[in-house]
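In the two complexes that follow, subunit A is the common piece, with subunit B as its partner first and subunit C second.
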Partner chain A sequence: MKEPRITRRDFIRASVLAAAGATLTACAGQPTPAPTQPPAATAKPAATAVPTAVPTAVPTARPTATAVPTAKPAPLTAEQLMVKAGLPLPGLPDQGWKYTFPDLPPGMPMDPPLRITTNRIVGSDVVFAQGDDIDNNPFTRMAKALFGIEWKHKWTAGNWDDYTTKWNLAVAAKDLPDTAIYIGGDLLVNGLKAGLFADITDAYENYASKKWVKDVFARYGDLPWAYARVKGRLMGWPYVEQAAQNDKVMWIRKDWLDKLGLAVPKTLGELYEVATAFRKNDLGKGAKGTTLGIAFQQELVSWYGSADPIIGSIAGTLPNFWTKNDKGQLENGIINPRMKDALIFLAKWYKEGLLPADFATRPTGEAQKLVAGNLCGIHFTPHWDAGWGCGESKQNDPSAEWEAHEIPAGPAGKKKMWSNPFGASIFPLRAGLGQAYADAYVKQCSWLVEFFEDPEKLPGGSYQIKGVTFDIVDGAFKPIPNVHFPKWVPGPILGSGNGGVDPERAYRHMLKTRSWKEVPEDKRNPYQKFVLNDPAGNQERYQKAFLLNVSVSEQQGIKNLFNAPPTQGMVDFGAELNSMWAQTWTGIVTGQKPASAFDEFVVNWKKMGGDQITKEVNDWWQSR
Partner chain B sequence: MTTLAKTSAVRSLATQTSIRRKAMSYLARSWPLYVMVLPGLVLLLIFNYYPMYGIRIAFQDYNPALGFDQSPWVGLKHFEYMLKLPTFRLLFRNTLMLAIGKILFLQVTAIVLAFMLNEIRMRVFKRVFNQILYLPHFLSWVIVAGILLDLLSANGLVGRFLGGLGLNSFMFLGNAAFFPWTVIFSHVWKEAGWSTIIYLAALTAIDPQISEAAAVDGANRLQRIWYINLPGIAPTIALIACLSLGGILDAGFEQIFNLYNPTVYATGDILDTYVYRAGLISARFSLATAIGLIKSTLGFVLITLAYWLAAKYANYRVF
Partner chain C sequence: MVEGKSWRNRMFDGVNYVILTLIAFLCLVPIIHVLAVSLSSRAPAMGGFVTFWPIGFTWENYIKVVESVAFYRAFLVSVERTLLGTLINLLIIVLTAYPFSRSPHEFKGRTFLLYVFMFAMLFNGGLIPTFLNVRNLGLIDTLWALVLPGAVQIWSIFLLMNFFRGIPKEIEESAIIDGASHWQLLYHIYLPLSTPVLATLCLFAAVGHWNAWFDGVIYMTKMDNVPLQTFLRTIVIQLDMTRMNLDPKDLVLVSNRSVRAAQIFVTMLPILVVYPFLQRYFVTGIRLGAVKG
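This part shows the complex of A and B:
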C-alpha cells in the first residue's frame, strides 16, 4: 500500500486553505459566516475536491453571493454596480453635479462576462490617464461592471490608410475582430459581397430603445440605414455624426471691417470687395504684403477653409454631389455648366492674390494656420472653429474679433454643402458570432445613447471623472488637458468621432448648457461655473455660430441625393475621373488652363465612365 | 539499330555513374558552402518568389474578403482597361522622361564633381567637401520635400525673394512646365555627392605616374583631365550608363509623391504614383497589380539588356 505522504503541494494547498479560512472568519463581521465553507481548511488537507483556485475567490465573492437571500434578487442599479466595482462616479455628487444613469438593459451585467474584440483608429487625440491603456480604462472598466462586456482590441491603426490596409489584411487572413469601426466604400461593398457581416436585425428589434433609438432613426426616413440595410436586413449599426457638423459659416474679422468702415458682405460681389480691401490694406500679421483675401487649400469642398459656399452660391450644386437637373434626373454637379462660372470667379481671385499662391500644395488642415497666424480675415469653416482657428487667432492677436455670419448670396442664392450626419460607413459585427454578441452589442449601444444623448441625464453633454478628466483646484473645476472619456469608447456611440444616434444631440446639450445662465451664480456647481466662465469668448462665439448654422442648414444646404455604397462604375472609374477633375479645376483657378478646359473636361468625363455612373445612379434612384 | 541503342545506353549509364561520382566528391568537398548559402536561398524563396503567387490577382477581380481562390477570374480585363486609359500613355511618357532626365543630369553632375574633388590637393578640404556632399543622400524624401515645399511656398525664403521680383514661387511645384525640372534638380542636389563615390574610386585607380609625366610634358590641369582622367574612367561611365537602363522605369515614387499635386499631373504623374492612387487609395488591387506586372516585365527586359550591354561594352560580368 502507498503510504499517505504529505507532499509539498499538499502542504501549500493546506496552508492556502487555512489562510483563506482565517481571512474569512476575520472578515465575516456578520453572524452569518459563509455556511458552505465550514472549517474545512484546517482539517482535511486531502480534500482534493476543493480546487486550488477556490480559496482565493472565497474572501471576496462568496459573502456577497450568499448574503443576498435567494428569495428576490433585487437587481443592482448601474450606480450601485459602479460603486460595487470600486469605480468612481462621474461629476461631484455631493456638490450638486450629478449624473443620472439609465436603467440597465435586461440580462446585464452578464455573468460570466462576454469578451468582444474590436479594432480602432488611435490617433494622437486618444489620450489615456496614467496607468490606463486601450483595453483598461474608465470606459472598459465601466463596460465590464455594467454590461459584463470585456472589450479587447485586436489591433489598432494610426490613421485611415493604415486602417484600410490592416483591415484588408485581416480579411485576407480570415482573422477579423468581432466588431469593426467605420466600414465604408470598397471595404463595405467587398465585405457584403463576401458575407463577412452578421445580421443584427433581431437584436436591434428586441433591444434597441424605442424612444432613444428607433423613433429617432424613424424621423430621418431612409437616410440612417442607407448603408447598413441590405435587402431589408440590418448588417451593422450606422455611424451618425452631428447635425450641421460640416456646414460652413462665414467667419469674418469684425475689427477689420470696422477699421475700414465696411459692412458684413451680403453677396459674393461685396465679399470680393471686402476681401480686396483686406488685402490692399494689408491688415494681416504676416510679412508685408502677405494678407490674403480668404483662407483656401487644395480641396474645393472640405472641412476647413472650404470653397463650397462660393461654388454652391454660384452653381447651385457641388462637385460630386448628385442633385436633380431640369429633367428630374440625378446629375453630378461636377459637369454642371455653371461650375465653369464658379471656377472663373475663383481664377480671378487667384490672379489678384486673394487666394494663397501655393494653395494647391497645401493640405486641408493647413488652412487653419492661415487663420491662426492672422493672415486672412475671411474663411468658410464650420462653427466648431470658434475655439480652434479663430481662438488661436485671438491668442496671437488679442484684437482679433471673429464673427460668424451667413454665407453671401450668389446667382443661385445662398447655397452651401449640407453635411449628411449619416455617414457612409457602418459598424458591423463578424458573421458567425452568434446571437449573444449581437444582443450585447445592441444593448450597450442603446444604453449609451440613452445616457449620453439626454441633457437631463448627462449635464453639459460631457462625462467627467474627478482625478481622471478634471481636478478641483482651489474649489474650481480644472480640466486635465487632452483626456476625454468619449475617445475611449469602442463602437458607434461616442468613440473618437463622437458618434451617436440623434444628429441633434450636441445641439440639445448646447441649449441645455446655455440655459445654465439662468442658474443664480451662487447655486452653480463647479462644472457650470467652469463652462459659463468664458474669458476668451470662445464658448459664446461657438454657440452663436452653432445656432446660426442649425437655423439655416435645411434652407441653404445642398443635399447629395445619392446615398448608397459606390456603384460599379464609381469603383472602376472613380479614381480616374477625380484626378482628371482635380487637374482641371486647379489648372483653371491657377490660370494655367483656359476656362474652356472645363468644356473639354465635361466631354471627357462623360466619355470615360461618367455616363455609365450617371445611369447607375439614376437606376438606383428609380429602384429605391 | 538495337545494338546502337544498347551501346549508347551503356555509355550513358557509364557517364551517369561517373557524373554521379564526380558530383558526390564535389559535394563532399563543398557542402559547407551550400549550407551557408541555404538560409539566404530560403529567405529569397520566401520573400521574393513566394509572393509572386499573388500576381494572379492581376487576372482576377480581386476581393480581399473572397481571397485568391474565390475571387472571379477575368482574364486580361485589367490589362485592356489599362491600355485604354488615356492617361496611360501620359504616365509612361512622364516616367521615362523623368527617369532619363534624372540619370543624365545626375551622372554628368557626378562626373564633374568627381573631377573637381579629385583635383583638391589638401586632404582635409577634400574630406570635408566629400562629407558635405554625401549628407543630403541620407535625408529621406519626406524631409527634403517638406523643406522644399516650405522654401518654395508663398512665404518661404525663395517665395519671398521671388515675390519681391513679382514672381510666384509656386510655379516650381505648381506649374506643369516647371515641375519636371524641379524634380530633376532636387534629385541631382540630393544624390550627386553620393554618386561621385564610384567615379572617385575609378579615378584613384589611374596610375598617378601618367599624370605626373603629362605634367612634366607641359599639360595643364584641364588637359590632364581631358586626356588622362576622362579616358581613364570611361569604362566606369559606360558601365554606370548601361546599368542605369535597368532603372529607367523608376522615376522615384518617394520624391514625386511628396512633391506633386493635381495641377502637375500632366507632367509629374508617373506609373508608381498612379498605382498608389488607383491601387491603395481606391482599393483597386487588381488594376494596380496589372500595372505593376507590366512595369516589372519591362524592367526585367531592360535589366537583361543592360547586363548584356555592360558585358559587351564594359566587360562587366556578375557570373
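This part shows the complex of A and C:
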C-alpha cells in the first residue's frame, strides 16, 4: 500500500503550500466549494511542484506554479491527469485512433480522495486483466486519477437471488455500502419506507450535465424518475437501458422462403401460410416432421420467441400492460375482449403443430434452442439475436440465412411491446453519508455520460486499452476475449455493461461507426478496420435489425402506462390473478379449455381483486 | 436352502433386478447427458442435439474450465473447506459422543447437557442473528466462516453415541482391567469397532461441505473467496432477462451450455471418486455386524 503514503505526503505539502499562498495573497487559498472555482486548484499546483511526482508530460503547469505563486495555473486536463498517474491512454493516439476526454467536473480530482464503497453482481461476464481485480483495475485507477474517488466493493454476489439475500442481511446488520446497484421491487419499497436512501436532488441539480443528462431525461417526461422520485425528491439515479432493447423483429429464414418461392409475410394471414408451408415441407434439421411454425415458450410476452407481436397486432394491447380504453381510463390488457381472438388464433396454431407441443413447460431461454437447433424458420425476438440464436443456427446449418423484417399486420395494425428503457430499479446512496458523496457520485456519472455517449469523443462507443482489452498483431487490432472496460465500472453509467442516460446512445454510436465506411480503406485506423471487417455478415445483420427496430419503435410499440411500484391490490391479489390468467391462456391455446373460458376468466378477474387494482392504477394515473 | 427357491422366487428376483437396474440407469442418465454435452462442441450443444453421445467431440470445454482462474480458486476453497471441515466435524463428533455414551452415573450432568444439545438441534438462531454473530466474531471472508458455524453436528453426535452404547460393555471392561484410560478406551476399543459408522459420518460431513453453497453466499464478500457451489450459481442459474438486461454480447458468453456442463462435471468428480473408497467400509461394517450377530 504505497498509494496512501504518497497521498498523505502530497496532502501535507499541499496544505503547507496553500497556507503559504494564503499569507502571500489575499485572493486565493480558500477551499470554498464554488462550482466555478475548483477547490482542488489550491492543492494541484502544490502537487505539481513536487519535482519527483511530475513526469515530463506537464511542462506548462510547473513553471507557472513555482515562478508566480499568485497566478492560478490552469487545472490539468483529464488526459494530463491520466498521464501523470502513469495510466495508459485509450486507443492508439499515434495512429489516428484518438479519444477526447471531456472537461473534468468542478473540484475534481478530489484531494484527499474520497472512498466510496459499493456492491455488485459479478457473473462470469466480468473478467479482469492479469493482476487486476474488482477494486484495482483500469477503471478504478482512472476514477482515482480523474475524480479522486477510491472505489471499494463492500461485497459482491454471484446472481440476483444471492444479491437480494446479502442486501437484506446488510440492512439487518445496519452495514450498507455507500452506494448500491439495482434496488427495485421489495428492496426499493422497503428501503424507502425505512429511510435508507439519501436525497441526491441537490447534487443532481448542481452537478448533472445539462446537455448530456438533464435535457435527455426531460425528453422522456415522467418515465426516467418513475421509481427514483419520491415526493419531488430524487432518492437515487435511475437505471436506463438501450432504446428498443427488447422490441421484437420478425426473424425469418430467407433461404427457406426462396426454396418454396414465398414472399416475406406482411399480414398475420400470410404469416400463417408461410409457417404452414415451412412445416409441411419439413425444412427443419430435427427428426422427421418436427419443423415448427415459430419458436415459442411458456410466457406469452417475453424476451425470446415472444408472442407479443401476434397478440398486439390482434388485440392492440398486451396482458398486464395498462393501456387507455375507450373511456380514457387505464385498463389491463388481460381482460380486453380482443384478447380472446388472439388466444383463438394461437390455439389454431397449436392444433396444427405450428407451436412446440411442450411450450407450456419451456422456459424462455430454452426457446433459443429451437432456433439454434434449426427447428423453426420464424421467430419474434429482438435484434440482438443476430449473433446468438440466429448465429448458432448458421453454425449448425451453414445454409441458414436469417433476415430481420417488420412484424406482420393484424386487425389492430402492426403492434408489439414497447420496451421501456427506464428500468424499475434505482441506484441509491446510503442515507447519512453527507453531501460530498452525493456530489462526487453525480459528478462521476455526469462525466462518464458525456464521455461514453458522445460518438465524437468515444470512437465506436468502446473504451479500448492496448495490452488490456486489445493487442496489435501484425499491425491489426485483435481483441482480448471477454475483457470489457464497462464491466469494471460501478454505478448506473456503464455499470454491468450497458447502463447510461440516453436510451439512444447505442443507436448514435452505431450510426457513427457505419459512417466509417466512407473513410477510404488506406486511411482507416486499426480499430476502424477491425469494426468494419464483417465477413460472416453477422454485424450487418445485427445493425440492420437494430436500425429497423429503432425506426418503428415509437410507431408500433404498445406502451405500458403504469410505471410505479406495485399497488396494494397487486401485492395482495397479483400472484393469484396471474396464475389464473396463465391457466386460462395455456388452457385455451392447448385446446384443453374452450374459448368461452376467457369470458369466465374476465368476470372472475374483476371479482377477485382486478377491479380494485384497476381503481388503484387509475387513481395513480390521475394523481401523477 | 438354495434349492428351495421356487420359480416364483426366482421370477421375483429377476423382476427386481430389472427394475432396480432401470432405476440405477435413470440416475445415471443425467450424468451421462452432462458428460456428453461437456464433450461436445458449442453449436450442437446449444441446438439441443446432444443426448448421450458427444457431437463434434472436443476437450476444449474442459481446457476452458481448467484455465479459468475463478473456477480453480473456488475449487481450491471447496477442497480446503471439505478437508478442514470434515476433520473438525469428526473430531468434535467423536470427542462429544464418547462422554455422552457413558452412563449418567459416570458422567454427572450428562442428561442436562444432552437436553441442551437436543435443544440446539431442534432450534437454531435464525439467519440474521447467526450472520450477525459470525460477523461480530470477525470470521467474515475467512475459511473459518464456512467451517466453524457448522462444526458441531448434533445429529451425528447422537448417532455415534448410540452406536457406542451398542458396543458390549464386556469389551470395555476387559480393557479397563488391563488398565486402559478413557483416551485409550476411545482410541483402542471404540474407534476401531465403529469404522463403518465413522465412514458414514465422514461421508455425510464431506458431502455436506462439498455441496454447501448458502454459507458461501452470506459469509463471503468477495467472489474470490466463495466455494465452488456458490461460484457455480453464477453460471448455472437460469438466464433471467426480466430482472436485468444483459448486454447482448454477453448472451453468447453466459449461455455456453457445453462449458457449463464441463464445470458441473468437474464439480461432481471428487465425490464420485471418493465414494467407492468409503463404500468399502460400509460393506465391511455390514459383514462385521453379521459375524457378531
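Going forward, the second predicted complex is superposed on the first by the 550 of 624 C-alpha atoms of A that agree within 3 Å, B and C clash if a C-alpha of one lies under 4 Å from a C-alpha of the other, contacts with A are read in each partner's own complex, and residues count from 1 in each chain.
The definition used in the following text is that contacts are C-beta pairs under 8 Å (C-beta built on N, C-alpha and C of every residue); 3 or more make two chains touch, one makes a residue touch a chain.
All figures in this text were calculated on a predicted structure; none of them were measured in a lab.
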Overlay on subunit A: subunit C relative to subunit B, clash or fit: clash
Partner chain in contact with A:Thr291 - subunit B first, subunit C second, else both or neither: neither
Touched partner set for A:Thr165, first subunit B, second subunit C, both or neither: both
Touched partner set for A:Ala575, first subunit B, second subunit C, both or neither: first
Subunit B versus subunit C as contact partner of A:Thr614, first or second or both or neither: neither
Greater residue coverage of subunit A in the superposed arrangement, subunit B or subunit C: C
First, second, both or neither for A:Asn549, with subunit B first and subunit C second: neither
Touching partner for A:Gly387 - first (subunit B), second (subunit C), both, neither: second
Partner chain(s) touched by A:Val122 [first = subunit B, second = subunit C, both, neither]: second
Common interface positions of subunit A, toward subunit B and toward subunit C: 161, 165, 169, 172
Interface residues, subunit A side, partner subunit C - complex: 122-125, 133-134, 153-162, 165-166, 169, 172-173, 175, 182, 241-242, 245-246, 285, 302-304, 363-365, 368-369, 372-374, 382, 384, 387-388, 391-393, 395-396, 423, 482, 484, 496-498
Subunit A residues touching subunit B - in the complex, by the definition given at the top: 161, 164-165, 168-169, 171-172, 174, 185-187, 190-191, 193-194, 196, 286-287, 289-290, 298, 356-358, 360-362, 571-572, 574-576, 579, 582-583, 586-587, 590, 592, 604, 608
Interfacial residue positions of subunit C with respect to subunit A in the complex: 42-44, 46-49, 70, 127-128, 131-132, 135, 217-218, 221-224, 226, 230-231, 233-235, 237-255
Residues on subunit B engaged by subunit A in the complex (per definition of touch): 63-67, 70, 81, 85-87, 149, 152-155, 159-160, 163, 168-170, 173-176, 261-263, 265-266, 269, 277-278, 280-284
